[in-house]
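Before I ask anything, here is the structure I am working with.
Which chain is which? They are A, B, C, D and E, in the order written, and residues in each are numbered from 1.
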Amino acid sequence: MPTSLMDYLRILPEIILTVFGALILLVEGAARGGSRGRIAGALAFIGSLLALAAGISLIRYPGTAFAGMVRVDSVSIYFHILILATVAVVTLLAMDFLRTDGHPRGEFYALLLFAAVGMGFMVSSDNLILTFIGLEISSISSYVLCAYRRHAPKSTEAALKYLLLGSFATAFFLYGITLLYGASGSVSLPAIGQSLAGKMAAGGLALGSLIPLAAALIFVGLGFKVSAAPFQVWTPDVYEGAPALVTGFISTAAKAAAFVILLRVFYVALRGYSQQWFWLMWVAAILSMTLGNIGALRQTSLKRMLAYSSVAQAGYILVAFAVIAQNPAPRVLPGHAPVSGILAGPGVGAILFYLTVYTAMNLGAFAVIARVANRGERFTSLSDFAGLGKRHPGLALAMTLFLLSLLGVPFTGGFLAKLYIFQSAFQAHLIGLAIVALVNTVIAAWYYLRVVVYMYMRPPEGELPPIASSPAWTLGAACCAVVVLWLGILPGHLLHWLAK
Amino acid sequence: MIPLSYYLILSGILFTLGVAGFIVKSDLISVFISIELMLNAVNLSLIAFSHYLRDMTGNLFVFFVMVVAAAEAAVGLAIIIAVVRNRQTLSLDEMDLMKH
Amino acid sequence: MQMPLKIYLLIALIKTVLSLAVMASLIAYVQLAERRIVARMQSRVGPTRVGPWGLLQPLADTFKLLLKEDITPSQTSSGLYLLAPAISVTLALLSIAVIPFGPVIHIFGYTTPLQITNINVGLLFILGVTSLGVYGIVLAGWSSNSKYSLLGSLRAGSQMVSYELALGLALVGPVLLAGSLDLRKIVAAQAGGHWFILPEIVAFLIYLTAAFAETNRIPFDLPEAEGELGAGYHTEYSAMKFALFFFSEYANMITVSCVATLVFLGGWAGPVFGPVWLSRIVLPLFWFCLKAAFFLFLFIWVRGTLPRFRYDQLMALGWKVLVPVALANVLITSLVVAWR
Amino acid sequence: MLNLQLILFLIFGALAVAGGINMLRSRSPIYGALSLILVMGALAVLYLLLGAEFIAFVQILVYAGAIMVLFVFVIMLLNAQPLPPHERARFARRLGLPAIFILLGILAAAFALRYSRARLAAGSPMFHVRSIGQALFHQGLLPFEATSVLFLVGIAGAVLLAARPETQSSGTDTPAVKAADRSGL
Amino acid sequence: MNLLAAVNPNSLPAGAPYILHYVPLLIQFIFAMAFAGLAIGASWLLGRHRNTRRKLSPYECGITPEGDARHRFAVKFYLVAIVFILFDIEAVFLLPWAVVYRGLGWFGFAEMAIYLAIVMTGFLYIWKKGVFDWNTPERAE
């Protein structure tokens, strides 16, 4: 099976990121003096932009590469663009964070790019071996990124918790994959789907007694990574301990990539057993939304509040997963046009749209927190944000926009995203789920708006050190704001493309 | 001719011992060792399935699991060293900076 | 002709006992030879009192060590303290099992190889056992609860670990040429006189340096250097346990020399003549022992001449020189093989 | 001949489980690490029984020979002492352990039910080094190249977290464990 | 005869399970352990036992030892072990590659060249970060 040029073109984004990551490490090792940081930052930004361009150019040659290992279809292209855009924005935001906190700079960018390589493999992998390796690359780089503020006990402790629970979850995920491999005889997702469908038609549940067990174990593993309800105990501690920007990156890009694995494994491989895993999704969605929102009510630290809110957001996405499980789209023959791929379905469009908006608003919110927290991340509690409106109107405005979008106020991306999900939930007549989601949005309103009230109505308590203006940061935050507004006001273009 | 279920039950036992270790153990390194035990248990069932299905993929998968476990152990212990440098203790229940 | 299971197991048992006996006596006499040769190099005589030309000296040493008082210092963790020498001896003796001394021979109507067992990943087995050897030393230092032995064992451990990597990379070259990890196939690939030492001279030198470091021999024996750390990791061991560490060091030396002859000097290949039993059994064994003896002499000779490396030079050499050169050699060999 | 495999399986299976239980029971981490090495050795023999020759020796070379060496080094370095069981352990024993043994029961039942008839052939192994080499460089090419990225992440992470001493003191500046923790072994 | 010898040098009985090639290894392992146990046991039996406090204290070239021995040591030893793990994986990858290399030809060479190039950048990075020079404190950033 000699690999052809086409195979390498299909993993071009990953190749570019690896090359630039290695270059940054070399620069970090070789050059002396302060200029290393800027060179590394520039290299990282150029690298992520080039990879983004390569990601977009993937549209021209969809299909599979490396003997079915990598599948380039609409989902993988879409998420490549999403993840690489997030990496580019985080590189911009990181330039300011690293300078003020005085950390070694090269390794941060290198690890960021390598995490993106891992996520690229997670997103486009059609083979459980590559999925596992991609998951591990991105997880291990995020463990190290979490511990980036080496001398802060909180940061290393957060990384420790993330590491222990992350590897615990990976072991469960692996055990699920093993049982799937044992039951179906192959590790490539479409082949598993066909052989299990065949088994389902022939025998019935008795024969497939390993499948529900495998599905449960995989869900435990991925539940941790996606911080879905029963397994979200680690999220508040890790999101609060890690540097704000790293939390932003983990809670958006890593979560999106993990959702894609969930999508591919459950939607492609376990398609025949959707009745069984529908209940998994249903329970996880309800628990995530309620626990996330209730947890967020009494938080004083903004990062911890956003951690609970991200658990709730994962709940809304799981609602869309339940919708898919309710009526899996008719089986599209693999020979079909690969661009639409076999992942077209009512819920899938909602998931993609929601994840895009969620990534933009969550990253923007954490960017503002990183900015306000300033050197040593001391100012992250609610009282520090009091009176921000007067002191830094720009920052306060951005924060309000992101919080409103997280809540789902009209004219912001969040509103349309939630609307899309509720609409697909109603179509799949999952009334119970939709009502719980609505109630949760109301609860969420309280703690989102509380921050806005603090920022504008309350007099500033204590003094904040002057926040130096940094062009790179403003550009990055502006990108997030533009995406949120653009998807809020005229989403037509994206919706049309998603429907295709 | 050993039935396949013997191997799978043995790997189930080892996996459960790993999970029990993860919950019961009180110091960082022992918790991390229990995770390695869980990964070993998974490797055993992978090789058993690979032999039963007469298919090479199981062995290949175990090979990559070992490589990944090595990188994970390396980074994991680096983080444990960084934690001990900051907190001077290995006990897990003192890791409650963020509980309050 | 296939043999029934019982005969096969019986032969295996005989071979094991035979190899252990040969190994034990060989180690005793290599140590005697070392003391005599190093003495001769320093123009003194060496042990000649016990028995003719001092030949019974090793016997005398063994009894002396058996009778000496065996002190176990107070705060040592007794379990590990005893376990450490046992681990290093067991592992040292284990890797002899896969080394083929001669061709397949026919005696009493059965064909059996001149080795305990032939597995088709022989080289990998030896690398695996070497990598486990570190535990013997590291646990010895840690369990004997003295500052010197702990520091000595840490240094010895990290030295062995780094040079084990160079050892592994050096062996990749010959495996590339031979196309198999089975020691018999590697020897077969060198048949007809073109031994691997010529095309793989760089890998050979790296292998030798790494072998010296693995067995903690003279240029690399800083961790147990008397002057620096008071005998390093086995400071707290006395009598037989102390002897076991030296026993495993010499056993490792013999294993390393045997692997060197097999992989680089074509094993038992050599001009043979005369009747079947002579040319098929005695002469190949003779050639093999001659080459292995040459390497053992090299160990002793280097011990008599070279000074000891400082620790940072030692580690720098291991990582900055051996590993990159070994990788470069692997790439060049693969280029040559692909080109041909 | 037939029961030779069964005997070997029972011996080394029991050894592996004994190692696991010892790891659970042992107080100081050094004994935990050594019992894990025992488990890995027993598993290597089981892999030989299952015909995976190359994987058995890679297990000894990489797992028992490299990763556990790192664990033992770190245990020695941090002077890890046995710690009193913390209250999380007591709470876990009451709640966690029964839940785990239910998990074991489900696993065992599922395997026994599903594969009651499946027999493992004892013939020659299918997985020589040559066949895993072919699989690795044809089918497993992309994961192989992805491992080099994993390598870089490991290197960057380790150097970043462990290489730089806080103070510019000479080499011996590793973390000191509090005197309270340093009970006799 | 030579062909048969080459194929089955251990001349195993026909149809015997493959594990029989490894049974002699197990025998050798048991004998080696017995040898070690015998040596230690004999010395314990034969040797005299007169323990005095001073004799049992750790040997410090005559100076009475103070303080617990197992205290802090340089992180350097840990860094060597971790770099060793990551390069050990590389060595383990090289072995099957070397075995099947003749079948892969130039394609095999290209694959390994890419892999080694990336690994060598990691190696250079470590070299520049001063992980390998032992007595000079690392260069601060």
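As a convention for this text, contacts are C-beta pairs under 8 Å (C-beta built on N, C-alpha and C of every residue); 3 or more make two chains touch, one makes a residue touch a chain.
Predicted model, so just to flag it, every value in this text is computed and none were measured.
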State the smallest step count from chain A to chain B, taking one step as a move to a touching chain. 1
Go through the assembly and pull out the chains touching chain B as well as chain D. A, E
So using the touch definition from the top, which pair is joined by more C-beta contacts, D-E or B-E? D-E
Which chain has its C-alpha centroid farthest away from the centroid of chain C? A
Taking the mean of the C-alpha atoms as each chain's centre, how many Å separate chain C from chain D? 28
Can you check how far apart chain C and chain E are, centre to centre, with Cα atoms defining each centre and the answer in Å? 13
Would you kindly tell me how far, in whole Å, the mean C-alpha position of chain E lies from that of chain A? 41
If you average the Cα atoms of chain A and of chain D to get two centres, how far apart are those centres in Å? 30
Residues of chain E that touch two or more other chains sit at 16, 20, 22-23, 70-71, 73, 75-78, 81-86, 88-89, 92-93, 95, 99, 108, 118, 121-122, 125-127, 129, 134-135, 141
Could you check chain A for residues that touch two or more other chains and list them? 18, 22, 25, 104, 129, 133, 136, 140, 143-144, 147, 150-151
Residues of chain D that touch two or more other chains sit at 1, 5, 49, 51, 54, 58, 61-62, 65-67, 69-70, 73-74, 76-77, 107, 114, 122, 129-130, 132, 136, 139-141, 143, 147-162, 164, 166, 174-176
Could you run through all the chain pairs that touch each other? A-B, A-D, A-E, B-D, B-E, C-D, C-E, D-E
Chain B contacts chain D in the complex at 1-10, 12-21, 23-27, 29-30, 32-34, 36-37, 40, 43-44, 47-48, 50-52, 54, 56-57, 59-60, 62-64, 66-71, 73-75, 77-82, 84-85, 88-93
Could you list, by residue number, the parts of chain A that touch chain D in their complex? 1, 3, 11, 18, 21-22, 25, 66-67, 69-70, 104, 107, 110-111, 114, 117-118, 121, 129-130, 133-134, 136-137, 140-141, 143-144, 147-148, 150-151, 183, 209-210, 213
Would you mind writing out the residues of chain C in touch with chain D in their complex? 5, 75, 77, 80, 119-121, 124-125, 127-129, 131-132, 134-135, 138-139, 142, 150, 154, 157-158, 161, 180-181
Quick one: in the complex, what on chain E touches chain A? 107, 118, 121-122, 124-129, 141
Please give the residue numbers of chain D that touch chain B in the complex, ascending. 2, 5-6, 9, 13, 16-17, 20-21, 23-24, 29, 32-33, 36, 39-40, 43, 46-47, 49-52, 54-55, 58-59, 62-63, 66-67, 70-71, 74-75, 77-78, 80, 83-89, 92-93, 96-97, 100-101, 103-104, 107-108, 111-112, 114-122, 126-127, 131-132, 135-136, 139-140, 143, 147, 150-151, 153-154, 157-158, 160-162, 166, 174-178, 181
